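Questions regarding the structure given below will be posed in turn.
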Amino acid sequence: MKLLKDIKNLLIGMRITGKHLGRHAITIQYPEERWEMPERSRGIVVLLSDKETGDLNCTGCLLCMKACPSAAIFIDAPRDPETKKRKLLTFTVDNALCCFCGLCEEACNFSAIKMATMYEFSEPEKEGFLWDMKKLQEVGLDVDYIDTRKKKPAKKVPKPATDSGTATDKIVPDTLDSDAKQTPPAPEPDKPKEDGE
Amino acid sequence: MAELRTEEFTVNMGPHHPSTHGVCRLILTLSGEKVIKIVPVIGYLHRALEKICENRTYAQCIPVMDRFEYVTAMSCEYLFSNAAEKLAEIEVPERAEYLRVIMLELNRIASHLIFYGVTAMDIGALTPFLYGLREREGIIDLFEMTCGQRLTYNYIRIGGVSKDIPPQFEPKCRETIKTIREKLNDYEGLLNENPIWLVRNKGIGVLPADLGIAYGVSGPVLRASGVKYDIRKDDPYSIYDRFDFEIPTRENGDCYDRYLLRLDEIKQSLNIVEQALDALPEGDIKAKVSPNFKPPAGEVYARVENSRGELGVYIQSDGGKKPLRVKMRGGSFNQLQVLPEIGTDCLVADLVAIFASLDIILPEVDR
Amino acid sequence: MTFDELKEYISANYPDDMTLLDTGRCEPFYEVKAEKLVAVCKRLRDDEQLKFDYFCNLGGVDTGERMEAVYSLASYSMKLRLDLKVILPHENAEIDSVQEVWPAANWYERELWELYGVNVKNHNNLTRFLLPDDWDQGFPMRKDWDAPDFIRMPEL
Amino acid sequence: MTYPLPFGELHGVFGWLYELLESTGLPQPWLDVVRYAALGALVFGVISLLALFLVWWERKIAAHIQQRFGPMRHGWHGWYQTVADAVKLLTKEDILVDTRDKFVFFWAPVICFVAAFLAYVTIPFGEGLIVADLNIGILYIMAITTFTIISLLMAGWGSNNKYALLGGIRSAAQLISYEIPMVASILVVVLFVGSMSMVDIVEAQSGWITNWYVFRVPFGPIAFITYIIAATAEANRTPFDIPEAEQELVAGYNIEYSGMKFAMFFLAEFANGFTVSAIAVTLFFGGWHGPFLPSWVWFLLKTLGVVFLLMLFRWTYPRLRVDQLMEFAWKFLVPVTFANLILAAWMKYAGWYW
Amino acid sequence: MGVIKKLPIYTEKLPGGGLILTSLETVINQAQAKSLWYLLFGTACCAIELMCTGASRYDFDRLGMIFRATPRQADLIIAAGTITKKMAPRLRRLYDQMAEPRRVIAMGGCTIKGGPFYYDSYSVEKGIDHIVPVDMYIPGCPPRPESLLEGCIHLQEKIKKQKLSDWQEK
C-alpha cells in the first residue's frame, strides 16, 4: 500500500506543476514593461531644485554629510566670514559608496536632497559614479517632491519676519548654482532682495 | 592478485559552491562518497561589521546592521534599536511596536520562504525554489511600499519606526497573507509527502537535543529536536506577549522535521501578522530621540528570535555618541559549529541536505 | 525566578566569586575573576536552580586601557539570563577556555584570540579562521590598531 | 528494389536526388560513398536541430511551469536562443587542464556525442523512414547507448578533478544498474513481437489503438512504467541526474569541459533524452501509426509527448541520493521487471493475450 | 578559441574577406551577447537580489542568461556581494578558470569601491577592479533586479559593438 500512496503523492506533485504550466507568467518583461516603483522607493541620490527658480535648494548645512553612514557625500561649503552664511562650492555624491539608506534625505531640513525612484545607472567605468553638483541637479530636475522648505520658516516666524526667514533659506541656494567660479561676493546681497520682493 | 588499495581523499567544498549558500568552505575528507571529516572554514565574508559599528553613531549603525543578516534585516534593525533603547531607557510608542511586530513577522516569513526554495533546490527540485521566491516578492513589495528598499530597509529606528505605513498597506498585506496561505498547500503538495523528498530527508542529520544544547543551537533547528525554546515566548521582547500564537516543535530533529517546522512557523507568523493588523492602534510612530543620541554609559545584551535562532547584540556604551563595542551574535554561528558533529558519516548528498536544513547563511557567521 | 531573585540567589550562593556590576542594564551583570572563571561557569551550569546551559555569546571588548571578555549566558529550561565579565590586562591577556563547560564556546574563543589577541588557555584548536590565512597585521579589533590600507571614516 | 535506402513517404524527394546523383555518371563505389556521406550529414543535421529545439523547448516548459517566460527577447519567444548558445559555445576558448589525461579527456565528449547519434540509425521515424532496419535493432540501440557510460567515466577520469571523478563513478554505477531493468522491460515487448527489428515491433502494433503494447494489461503498462523510470536514469535526468548533480558535484563529469566539448556533452544529453523517448514510442505507443497525418509527424508528436513527460519529471521532483538510487534499481525495479517478464512469458505460452 | 583567434588573419587574405569578416563578426557578437551564461557566484546581500532576478518576477532566462555552477562553462561572473581580502584570491582563481571570452559585472557598491564597508573595514577589498578586469559596474546596495537587468542589457550592447580584431590582442 505504501507503493500506491507513493505513486499518488508523486502524481500530486505532477499535478501541481502541470497546473502551473497553464497559468500565465507573472514576469515583468523589464525593458518593455516596468514595475511601478512605490513613491517611497529609494533609488539614486539627487539634488532638488526650486520649482520656480530652478535653483538648488541646498544650503550647504552639512547635515546630510554628517548623517551619511558610509561618508558618500562630500560637501565643501565654507562659511563666508562676513555674512556668516555657508556658501556651497561642491556637492559630490559617490554612488559607489552610497548604501541607499535614506538617512541623508531624512536629515535634510530644506528638501534639498532626495533618493529618487531611479535605478538605471550602470556604467562601464568606475569613475562614472562620482557625481558632482551639476549632474546631481540635472538628474533631479524632474523629480517630484513636496516642498517642506517654505512652510517651515512661515510656521516658525509668524508675519513680520517672513522676509528674513525665507531669505536665510533662499539666499544660499540662489548663489549656489553659479558654482562660485563667477559669482563675485558683491552681488550677493542684491539677490535676496529681489526674491524677497 | 594485488591487494586493492583504497584511499581517502580530501575535497574542498566551497568557498564557491552552489550549495554552501554563500561563501563557506568545507574541507571534506571522503572515503568514496562517505564523509569522514568536516572542517568548516569561515571568514570569506568577514566584513568587520563590528569594527565599523564602533566608528558610527548609533543612528548610522542601523544601516550597517542591515548588512549583518540581510535575509531578515528587520530583525537586526529591531535588535540594535532595542538594545539602544534599553541602554537609554526609551519608551517606544504603541503603534510603533505593532508596526515592528508586523515587519518582523513578515520578514520571518520571507526568510522561511527563501529557506523553502533553497532547500528544495539543494535537494534537486528547482521549481519549488521559484515558487518560494514568487511569494516572497509579495512580502518584499510590502516592505518596499513602506520603507522604500527591497532588502536593506533601514526602517526600524531607535525609538520607533521611520515612516508610518501607507494606507494601501493593510489591504495589500491581508491579500498577501491570503495568497501565502493558499500557496502553502502547493508547497506541501510538492514536497511534504513526496517519497523522494522523504527518503532524502527523513532520518538524515539527526541532531539530538542534548548535543544542540551543548553547542548553543537555537531557533527552528533546536525546536525540531524537541526543545521548546523560543525567545518570543521565553524572554518576551516588544509586545509578543499580547499575541496568541504557538511555538511548533518536532521530536526527531532530522532534516525533515526542520523543514516541516519552518512551514509551521510560517503559518504561526501569518496569524501574528493578522492579529497585529487587527489590533493596530493609532498614535505616534516614533519616540522623541535627539539626533545626537547619546545613551548613558552601560552595557547590554539584547536578543531576538529571528528565523535562524537567537540573534543577539552586545553593546557597550561609554556615554559617547558612538558605541564602544558592538558584538553581534547570529544563530548560524552555532549551527555551523555543530555541523561537523551531525554531518560526519553520511554521504556528500546528505551533507548538502543537512547544510540546507540548518539554514545557515554566512554573514551571520562571518559578520 | 525574576532578576531580583536571581541577584539575591547569586549573592547568597556565590558571594566570593561574582561581584555585581552597575553598568549592566535590565539584566544582571557580574564580574568574575579570571582564575575562577571555569569553576564558576561549571557551577552555574550544574546548579539545579539556575541551569545556565545555554552559551549565548562571548565578546571581547577593548576599552583602551584594558581588555574585557563578556560572556552572555542563558538557561533553556529556567528562562534566565546572566552576563559575566572578566577583566583582563591590555597586554598579554590570558583567559581559560570554557570549552569543557560549553562546547559552543570553541569558535567564540577562537574569535577572541584572533581579533583581540587574548590568549585562550586549554583551547583545542586555536587557529586563524576569520581573517585571511596569511594575515600578519596584528589584532584588528583593538582600538589602537592601524594598517596602511585601513581608512578611518572622516570625523565631522 | 528501387533505392537501397528506404525513405518512406519522403521517397519522392530523395528519389529525385538519387537520380540526380546517378546522372552524374560516377562509378558505383563513389556513388555509395557520396550517398552515405550525404545521409550521415543529413542525420547529423536533423538530430542537431532536434537537440537544439529540445533545449529551447525544455527551457520554455520549465519557465512556464515556474510562471515565467523563459527565453523571450531573441526572436519570437526566443526561438534562436539555443542557436546563439551553440554558436557561442563554438567560439569559446577550449580549456585544456594541465593535469588532464590527454587521450581520455579528448575522446570522452567525442564518444558521448557519436554514441548518442549512432543510436538514431535504427529508429524508425516514419513508415520506411529508417536509416538501417537491422534485424537486431533494439539490441543495437542498447549496445550503442552503453557507450555513453564509458564516455562519462572517461570524462570523469580524464579531467583529473575529484568532483568529476565522483560524477563519472556515479554515472557508471547508475547506468549499469538501470540497464538491467530497462532491457528486461524491453524484452517483454520483444517476446511478444518475436523480433528485435524496430520495424517489426512497430508493425506488430498496427491497427487499433488497443494494439499498442502499453495497453496490453497487465504486463504492458508495467513494462512501460519500469521502462520510463529506467530511461530517465539512462538519460541522466532528474530525479536521477546524480552524475552532474549541480548542488553536490557542481557539474559532475563535465566540470572541466568548456566550449565545444561541453556543447557535445550538452547536446548528447538531449539527444539521449530524445532517443529513449523514441524507443518508448516505438515499443509501447505504436511507433508511427496514426490516422490522417503523415507517419513521421505522428512519430514526432508521440516522441515529444514522452519527452514532455520526462521534462515534467525533471521540473517536479527532487533528486535521489546515490545509494537510494541503487537500492531502488536493485531492490525494486529489477524484481518487478523480471516478475513482469516471467508473467508475460507465461501468458504468451498460455496464449492469454490478444 | 584557437581557430577563431587566427580566423581574421586568414580571412582577410581572401578575396572579399572583409565582408566575410564583418558578417562573421556580427554573428559571433550577437551569439555572445545573447547567450551570457553566468556563474553562480554570490557572496552577500546582492546574491539574494541575484536570486530574485533569476526568479519568476524578473526572469534572467528571458535574456538568455542561465546559471552554470562551474566557471569553465560560464561567460560572465556577476560578482554579487562584498569581496573580502580572504575571498579575493578565490575570485581571481574563478576568473582564471573561465574560458575566453569572459566578462565581469561588479554588482553593488561593495564590488565597485567597498560601498558601506569602504571606511573602517580591515578586511574588505575596496573594489574588485584590482583583482579582475570589470566590464560593467552596477551601483546600488543592493541594486534592484531591474538595475541588474539594465546592467546586463548594457553589457550586451557593449559586446555587440566589439571588434573581432580586438580578440587577437586579448
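Which chain is which? They are A, B, C, D and E, in the order written, and residues in each are numbered from 1.
We take it that a residue touches a chain if its C-beta (ideal position, glycine included) is under 8 Å from a C-beta of that chain, and two chains touch if they have at least 3 such contacts.
Because the structure is predicted, anything quoted here is derived from the model rather than measured.
Participant: From subunit C, what is the lowest number of touch steps before subunit D is reached?
Facilitator: 2
Participant: Which chains contact both subunit A and subunit E?
Facilitator: Per touch definition, common to subunit A and subunit E: B, C, D.
Participant: Using each chain's Cα centroid, which is most distant from the centroid of subunit A?
Facilitator: If we average the C-alpha coordinates per chain, D ends up farthest from subunit A.
Participant: Could you tell me which chain lies farthest from subunit E when each chain's centre is the average position of its Cα atoms?
Facilitator: The chain lying farthest from subunit E is C.
Participant: C-E versus A-D: which has more C-beta pairs touching?
Facilitator: Of the two interfaces, A-D and C-E, more C-beta pairs touch across A-D.
Participant: Indicate the whole-number Å distance between the mean C-alpha point of subunit A and the mean C-alpha point of subunit C.
Facilitator: Each chain reduced to its C-alpha mean, subunit A and subunit C end up 44 Å apart.
Participant: Taking the mean of the C-alpha atoms as each chain's centre, how many Å separate subunit A from subunit B?
Facilitator: 32
Participant: Averaging only over C-alpha atoms, locate the centres of subunit D and subunit E and give their separation in whole Å.
Facilitator: Here the centre of subunit E sits 35 Å away from the centre of subunit D.
Participant: For subunit A, write out the residues touching at least two other chains, lowest number first.
Facilitator: Each of 10, 13, 16-17, 20, 25-27, 29, 69-71, 99-100 in subunit A touches at least two other chains.
Participant: Where in subunit E do residues touch two or more other chains at once?
Facilitator: 55-57, 59, 62, 69, 86, 116, 118-120, 122-123, 141, 144 - these are the residues of subunit E that touch more than one other chain.
Participant: Please set out, as single numbers or ranges, the residues of subunit D touching at least two other chains.
Facilitator: Residues 63, 65-69, 72, 246, 250, 315-317.
Participant: Name the touching chain pairs, would you?
Facilitator: Every pair of chains in contact is listed here: A-B, A-C, A-D, A-E, B-C, B-D, B-E, C-E, D-E.
Participant: Touching residues of subunit D toward subunit A in the complex: what are they?
Facilitator: Those in contact with subunit A are residues 61, 63-69, 72, 312-313, 315-317.
Participant: Can you list the residues on subunit B that touch subunit D in the complex?
Facilitator: 9, 11, 17-19, 33, 120-127, 130-131, 134, 190-191, 194, 196-197, 199-200, 347-350, 352
Participant: Going by the contact rule set out above, which residues of subunit A touch subunit D in the complex?
Facilitator: 10, 13-14, 16-18, 20-21, 23-27, 29
Participant: Note which residues of subunit A are touching subunit E in the complex, please.
Facilitator: 25-31, 34-35, 43-44, 69-71, 94-100, 119-126, 128-129
Participant: Using the touch rule from the top, collect the residues of subunit A that touch subunit B in their complex.
Facilitator: 5-6, 9-10, 12-13, 15-17, 20, 26, 38-42, 67-70, 99-103, 106-107, 115
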